[in-house]
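Chains here go by letter, A, B and C, matching the order in which they are written, and residues are numbered from 1 within each.
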Amino acid sequence: MTASTSDELVLPAETTGSGSVVALTGVSRWYGNVVAVNDVTLTVGPGVTGLLGPNGAGKTTLLHMMAGFLDPSQGTVLVGGRPSWRNPDVYATLGLVTERESVPSYLTGWQFVHASAKLHRLADPAAAARAALATVELGDAQHRRIATYSKGMRQRARVAAALVHEPAVLLLDEPFNGMDPRQRMHMMDLLHRMAGEGRTILFSSHILEEVEQLSGTVQVMVAGRLAASGDYRHIRRLMTNRPHVFAIQSSNDRRLASVLMTDESVSGVELGANGLQVRANDFGAFTRGIAKIARTEGIRLTGVTPSDEALENVFSYLVAQ
Amino acid sequence: MPEHGDASGVIHDIGYQRYDGPRLGRRYMARSLYVHGLRTAFGFGRSARTKILPVGLFAVVCVAALVLVVISTQLPQPVLSYIGIATTFATVAALFVAIVGPELVSRDLRNNLLPLYFSRPVTRTDYALTKLAALATAVFAVFAAPMLIMFLGLALSAPHGIGGVLDEAGKFLVGLLAAAIGAVLFTAIAVPLAALTGRRVFATGMIIALFLLTAPITAVLGAIGSGSLAQLAGLVNPVSLLSGVYMWLFGDGGVDVGAYGPVYGLVVLAVAAAGISLSILRFRRVRA
Amino acid sequence: MNLTIAGMSLRALLGRRRALLLLPMPVLLIGLTLIARLTGAGIGDWGPVVFAQLGLGVILPLTALIVGSSVLGLEIEDGTITHILAKPLPRSEIILAKLAVAWAVTTVATAIPLAVAGVIAGSGALALGVGVGAAVGALAYSAAFLALSLLTRRPVGVGLLYILLWENLLVRFVGGAKVLSVREYSTVLARAISGSTALPAADLPTVAAVLLAAAFVVGGTALATSRLRSFALTGETS
């Protein structure tokens, strides 16, 4: 659960020996000119971790790389100390639930999970399948064809197939997509229980509230970069409380500067050759107030530009904390 | 919206205007669909990759026609008559229709565009007919372009002046009629098949399979039958069906149909009618 | 060979509407043979057309294409392949199971009807010859199309190009192209076993045909296994 800058390629001590740690080091993935994942270094240990980010952030790409379904263009991906790419043995301790709702709909729930157990070469596939189906509470419907299942039931069937071999690491890609609140609650309970058994659970989501309810630890991805890691509440505070920087040109810079310093929403003013650089703590109050202030003082504003909306500044600010 | 004591919800008038101007009619719609279909057939308005096959096939027949013209002008008799061009290039036309037909029809099915089309004033019949017309025009071009090249080549080197040119023009027009028959027949076969599936590859495969599977049947029936059976054998395969009709109408098809020429003509009419009706019916069934 | 995967593949293949496409062609073949037999024409007249052109030349490749490109291709398309790949199974085991299913279904749908047609035509040797030739051809085609389904997103399109342009068109103009034509291998083998005039005379020596067919099988299987090992899930959202 630590994020490092690209200069430090240090493998945390937990990666050696423990079968339930996923460690990424300097991982990048590009398709031609498009960079989907940009230099991500993180470690995921036991417990529930949320991978948070907007659509297109690279969450699925990252998950696929962790699960051995995509090779990193750069960097290393280790699951329990072993690489996951081109290594089918890693699946003995890894389970994956993909985002696509793909299930062989002509099978019954039982047949599907039982086949999964057999393919894992378990000693008693039938017992394992029964246990998995009981865990996801599909016992009643197990002998119906999956084609007759609701969306939530299909999802649960896929989760059952993914945990039938009791994996140490479980990766879920947007598991709550399209689930109603009750199903979501059930799934969250399940994941909590599994995490309590010492497993590593990583799930991705683009909905803040889902992550909030389920895990304390998050990894935030934006545009392929790891923007933040760690405790969710801390990061949230950081994101709303960071000061915003504005570049302002006016008819009387110095006068404006002194008046702005008296305003509560402003935390700092710099007088420069090209106008003022104003740092505001309260984005909303400042933007609402600047026009009023200028009018009251009789100063004409010729330019107001937020100057640190660049993602770079957001990241560096977050990551530097 | 439930009414509160104070107006807590308002829909603002931001000047949204309904279009009240003139609306062009059905003919404009049909013409637009037709032109769009024609453009799609040759891949215009799309990426270069979709142009390769249709334009490539078109180019192949044109080049072949050029070669034929060059050879023909050296010989006293042209190598192939216009009807001969139609029968020889029928296989290429079959491949063309197998590739372009699904491009026109199956793509709309796959991308669920039909509800979009039919929630506008386009009638299902118009949609089906314009698709058929566009494909038929494209196939006609594939048949007719080599004929045109042949005509130009022969006309320019005609030995008897204007009379010769007019002579040639007459034969050319007859050739165009044959091309039209071929275009209609192949279109009527391809469109219903393509309308069965949204996947272009399967539609192409089905159309090709139809041509490929019926050819040996015709050959076998022709080989084992004697007399009537052999003469009727060509009815099964579209290419030989076409040749049979040409034989009946123009006396130049390369197959022996005996007295059964009219049967060939009837079958062509029947297939064309069936194909067109099936296409219309299939699109009528779409609930939008 | 992994029986679980084979069982699932078989069920997937035969349970869909696509399986119906496999029926009309054998029916056509047998029907045509019956008609030809009933008219009493000499088998040298219609035999080559029915057995070599229709049976080995069209029905066998098309059936093998439909089956071979679907057995893995369908799962890749709808995403269910992750359920098979996320298991600690050697990839060669998966490929062999798929190949076995593809070959079995293709053979049942082509070699058996061809053998039946041979019996109807009155020649046991012919039945054996086309049956074996079709079975060998089915194996070679299946391996090739299985590999194709992992190499390209449009295995049916490329397969059709191979069948139409290479095996049917090019071989007419460039005789050397027969060296890479599975249709040629099956025909040569069938003719060698049956010695029947119902099949065209061979251009390739029998041994060469068998070896080349084996090369197709081994090469296709190896290529498919190698591609499956590096199978990457791309093109997803977020």
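Assume contacts are C-beta pairs under 8 Å (C-beta built on N, C-alpha and C of every residue); 3 or more make two chains touch, one makes a residue touch a chain.
This is a predicted model, so every value here is computed, not measured.
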{"item": "Topology of the chain contact graph, where touching chains are joined (line, ring, star, complete, other)", "value": "line"}
{"item": "Chain at the geometric heart of the assembly (C-alpha centres)", "value": "C"}
{"item": "Separation of chain B from chain C, taking each centre as the mean of its C-alpha atoms, in whole Å", "value": "32"}
{"item": "Intercentroid distance (Cα basis), chain B paired with chain A, Å", "value": "53"}
{"item": "Rounded Å distance between chain A and chain C, as computed from the means of their C-alpha atoms", "value": "47"}
{"item": "Where chain B touches two or more other chains at once, by residue number", "value": "none"}
{"item": "Residue numbers on chain C that touch chain A, as the complex places them", "value": "2, 4-5, 8, 11-12, 15, 78-80, 82-91, 229-234, 236-238"}
{"item": "Residues of chain C defined as touching chain B within the complex", "value": "25, 28, 32, 35-36, 39, 41, 45-46, 49-50, 53-54, 57-59, 62, 65, 154, 156-157, 160, 164"}
{"item": "Residues of chain A that touch chain C when the two form their complex", "value": "31, 53-61, 64, 67, 69-71, 86, 88-92, 94-96, 98-100, 102-104, 106-107, 115-116, 118-121, 161-162, 174, 204, 206"}
{"item": "Residues of chain B that touch chain C when the two form their complex", "value": "95, 201-202, 204-205, 208-209, 212-213, 215-217, 219-221, 223-225, 229"}
